[in-house]
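Each of the two complexes below includes chain A, the first together with chain B, the second together with chain C.
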Partner chain A sequence: MNTNKVIQVKELTKVFGDFTAVNAITFDVEKGEIFGFLGANGAGKTTAMKMLIGISNPTSGKATVAGFDVFTNAEDIKKNIGYMSQKFALYDDLTVKENITFFGGIYGLSRKRIKEKAAILIKELGLENVANKLVGSLPLGWKQKLSFSVSLIHDPKIVFLDEPTGGVDPITRRQFWELIYKASHQGITVFVTTHYMDEAEYCDRVSIMVNGKIEALDTPKKLKEQFKVDTMNDVFLKLARG
Partner chain B sequence: MKRFIGFIKKEFYHIFRDRRSLFILFGMPIAQILLFGFAITNEINNVDIAILDHSKDATTKEIINKMASSKYFSIHQFIEKESDIEAVFKKGKVKAVLNFEKGFSENLIKENYANIQVITDATDPNTANTISNYVNAILQNYLKEQNKSSVQVYQIVPQTHMVYNPELKSVYMFVPGVMTIILMLVSAMMTSISITREKELGTMEILLVSPLKPIQVIVGKVFPYIFLSIINAIVIIVLSIFIFKMPVQGSLFLLGMESVLFIITALALGILISTISATQQTAMMISLMGLMLPVILLSGFIFPITSMPLPLQIISNIIPAKWFIIIIKGIMLKGVGLQYVWKETLILLGMAVFFIGLSVKKYKIRLE
Partner chain C sequence: MKTILYIIQKEFKQIFRNKGMLPIIFVLPLIQLIILSNAATFDVKNIKFGYVDHDHSSTSRELIEKFSASTYFNVHTDFPSEKLASQAMLNGEVDVVLEIPAYFERDLQKEKHNNLGVTINAIDGAAAGVENVYVTQIIQNFNKNLLVDLIQSSGSPKIQPINIVTIPSFWYNETLNYKTFMVPGILVLLVTMITLFLSGMNIVREKEIGTLEQINVTPIKKSQFIIGKLFPFWVIGLGLLTVGLTIAKLIFNIPIIGSLPLMYLYTSIYILVILGIGLFISNFTDTQQQAMFIAWFFTVIFILMSGLFTPIESMPKWAQIITEFNPIKYFVQVMRMVMLKGSGFMDILPLLLKTLFYAIVMNGLAIWSYKKTN
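Let's turn to the complex of A and B:
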């Protein structure tokens, strides 16, 4: 097995009754890569992602994440990945510090390590003044950055982001992507779903899912050349409209 | 284990920072027990009555004095004619009128027979019934005293004994019921709401992606409520012992254990509800309609099960609260031990196991 490939997926399929949500998708993701996982709503992105993070059992196919099989070692996968969902998912009625402590705790970090991590994280995000304030009182953009940092608290090999920038302004989105780049530079693989096509341009490689299948997979530059268009948005429209 | 403690700490933050949950957890039990204990009662005390005495002789005076000196009645006014009866009732203060016939004493001595008319305001039928029973009791008592000297032949004297609650205090009946309602409410409703809340906020997904096992998540969510329910049970028992002088004849330990068993059954129901409802509102509605109503109506807490129509009697068997009320009434009032309530305990245990099994199964399906 190629150790540089942290996610390997082959013919992965998920069937709900008569409906094939994910239809035999195949792709690899390399270490440190920012992998954009694109598709319209209902194309099967979230279902595919849920299989990779171990909360949904695939119907057939093969997949390994961080070297562990999704069928047999889902529990080991969970220790090695971070996850941030499209819903903002920290506790509003806990303070910034308490949230960090809680999530550090459920990933089994020692108390000392949590303290160190919390200090670094709060400093990096510039949250010193609000560290003891309830998360519910923070603006959405701050919450999302905090949520991302918390998903990295246990130094995972891969972080899965499910539409992380939904509903925030362009400036905050830009800042958010800076955090993603930083994580990527530290060697963390980033697997991100989005439907903002400008964000697709920031990815190292993107795959585009249409009706449960991956219809295109390459670097943004090559995809634009292949479809003879100027933006990822046009690539997407061409694919989605068939 | 450390993860688990962190989780529980977080649950307590949720509970203590939410005024609504705090109120339901601590305000409600105390308010309910005091309400049921003091306000809602079947007993009568100092009921205002009016007297229409056509005789005004020694006997009627004696009877009136007896009425007035009992703590149940106080004489509000004396009226002079029949037509006043309606008027005093309409004013609303007087709940009963005693109408002594003319020549009461004479009739009693000469003919061994005299009439009192007892008119009660039956806009509240229960109170009216109770009043007329109390009046009767006082009259019987008076007669008995008078007849002590004279010899009576052929007399049947029923010697009624009300055991286990000789003073017929309604609080003895309400405490077990209220305790059951509150434990059900706190355990089932609060847990189902707190679990669905995580689903609604999307944090449940994060927890499931973490290395925590689903079972750890669930146990972590319900543990604080087990703890708080036990505290509630203790508060209720202490209140009822010290404020209402409710006896606990049986073993406190057994009472505690049975309460824990009931709490666990209710928690399992709460988990089950949370697996079938997507939002907090749904969870609350299902808990209220599906659990609270049957507990209040079909558990035998307020309405006796034996006087229900047969289908309802059969349905009442599947309500855990029914069995719990039988058990705690037995322990608190009759002082029975496990040898008398083992059957009910076993049924409750069976229900707990069944609901836990079902909710674990449901929970797993949901994860697919």
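Let's turn to the complex of A and C:
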């Protein structure tokens, strides 16, 4: 096995009843890469991601994440990955600090480490003034940044971000991508879905999913060449229209 | 272990931060106890009483005199034979028939004890239970050495509703105060309903808001999560028992004859059953609404079949078998036994073991059906 490939997926499929949400997708993700996972609404991105992070059993196919098999070693995968879901999933009725403490705690960090992490994280995100405020009272952009940082609290090898910037203003989106780059520089592999094509340009490589299948996969530059267009937006439109 | 503590800490924070929750936990019990125990009174008046006296002695007349003197029994018919008496019962002309055997006086004096037959029309099971108590009380006061034999009234199949009911627990409520009888039972409902609803809703709520998924992507063990989740509700359940017992004692002046530690021991196991059920429900539902409906469904059945309002003995056989699976029934029995009768550890041991078994099965099922991966 190539140790540089932190995610290896082969013919991975998920069927709900008689509907195939993810149809035999095959791809690899290199260590340290920012991998963009694009697709229209309902293309099957979230479903595919859930199989990779071990909370959804694949119907068939093969996949390893951080060297562990999604079928047999889902719990080992979980030690090595962070996940930020499409839906905001921190506790609105806990404060910023309490959320950090809780997730640090269930990842098994020591009290001391949690304290350190919380301090760094709050400073980095500029949340000093609201550290003891309930998360529910924060603006969406702040929540998303917090949620991203919390998903990195246990220093995972790979982080899965499902539309992390959905509904966020352009400035905050920019800041968010700075956080992503920073994580990437630290060697964390980033697996990210988005509907913003400008964000697709920031990725090292992108795949485009259409109706459960991966229809294109390459660097943004090569994809644009391949489809003879100037922007990722046009690549996407060409593919999605079929 | 440390992981569990983080969950417990978080859970308590959320519970006490939820402004709607605290009143539910601590004010509702008070209101429920006061309203229900006052409304659910079983006082039965104007019981139509009849007797068959085969003895015609001064003792038998004296006993019948006691019934005449009671304010609960009013019509008094002297039936010449059992046959006529049961005919009258069929026609609804009489609710209770006391049968005094021949040589009643002689045997009582000679052998120091004797048996009496009592037939009660149990169309209304609850009323029959109460009548049984009244009859027994009067007879016991008359002579402690008399044993009351409840006779299965022999009638044609069409008079099915007539049968005999005994509610032993009534015997220990000597003042015939129905609050004394109801309060321990209502206490049971309270502990059950609140812990079931809170625990069931709680986990489904995390499903709804998506935090459960966030927890499922962490390497946390199922058992750690479940223990951490359920422990706070276990504590709340015992807290409720404490609030309830305090109210029972201070407001209703209910005697607590048995051992308090024993009640807590039993309750602590009982709550595990309820929490297991709550978790089980939450594993099979996606929204708080669904969970609420299912929890209600079971609670209503459990309550109706608990022996709290209708004596189990007056239920049809199949229903009686179902009640064997009703945890509320056990809890009601134990509370009445310990609170009102002063039963000890050995007396409730069989119920305790059944409950423990139930707890193991329910929690086993709950843990098994809780899936981190779908």
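By definition in this document, the second predicted complex is superposed on the first by the 242 of 242 C-alpha atoms of A that agree within 3 Å, B and C clash if a C-alpha of one lies under 4 Å from a C-alpha of the other, contacts with A are read in each partner's own complex, and residues count from 1 in each chain.
One rule holds for everything that comes next: a residue touches a chain if its C-beta (ideal position, glycine included) is under 8 Å from a C-beta of that chain, and two chains touch if they have at least 3 such contacts.
Please read all numbers here as calculations on a predicted model, not as lab measurements.
With the C-alpha superposition on chain A as described, chain C and chain B clash in the combined arrangement. In the superposition on chain A, A:Ala74 makes contact with chain C only, not with chain B. Contacts of A:Tyr83 after superposition: both chain B and chain C are touched. Of the two partner chains placed by the overlay, chain B and chain C both lie in contact with A:Tyr107. Of the two partner chains placed around the shared chain by superposition, neither chain B nor chain C is touched by A:Ile171. Once the two complexes are overlaid on the shared chain, A:Gly54 sits against chain B and chain C alike.
Superposing on chain A, the segment of chain B with clashing C-alpha atoms against chain C, chosen from 23-31, 59-67, 77-85 or 95-103, turns out to be 23-31. Chain A uses residues 53-57, 75, 78-79, 81, 83, 85, 87-94, 98, 101-103, 105-108 to touch chain B in one structure and chain C in the other. Considering their complex, residues 53-57, 75, 78-79, 81, 83-94, 98, 101-103, 105-108, 134 of chain A touch chain B. Considering their complex, residues 2-3, 6-7, 9-10, 13-14, 17-18, 201-203, 205-213, 367-368 of chain B touch chain A.
The part of chain C that touches chain A in the complex is made up of residues 2-3, 5-7, 9-10, 13-14, 17-18, 209-211, 213-220, 372-374.
Of all residues in chain A, those touching chain C in their complex are 53-57, 74-76, 78-79, 81, 83, 85, 87-94, 98, 101-103, 105-108.
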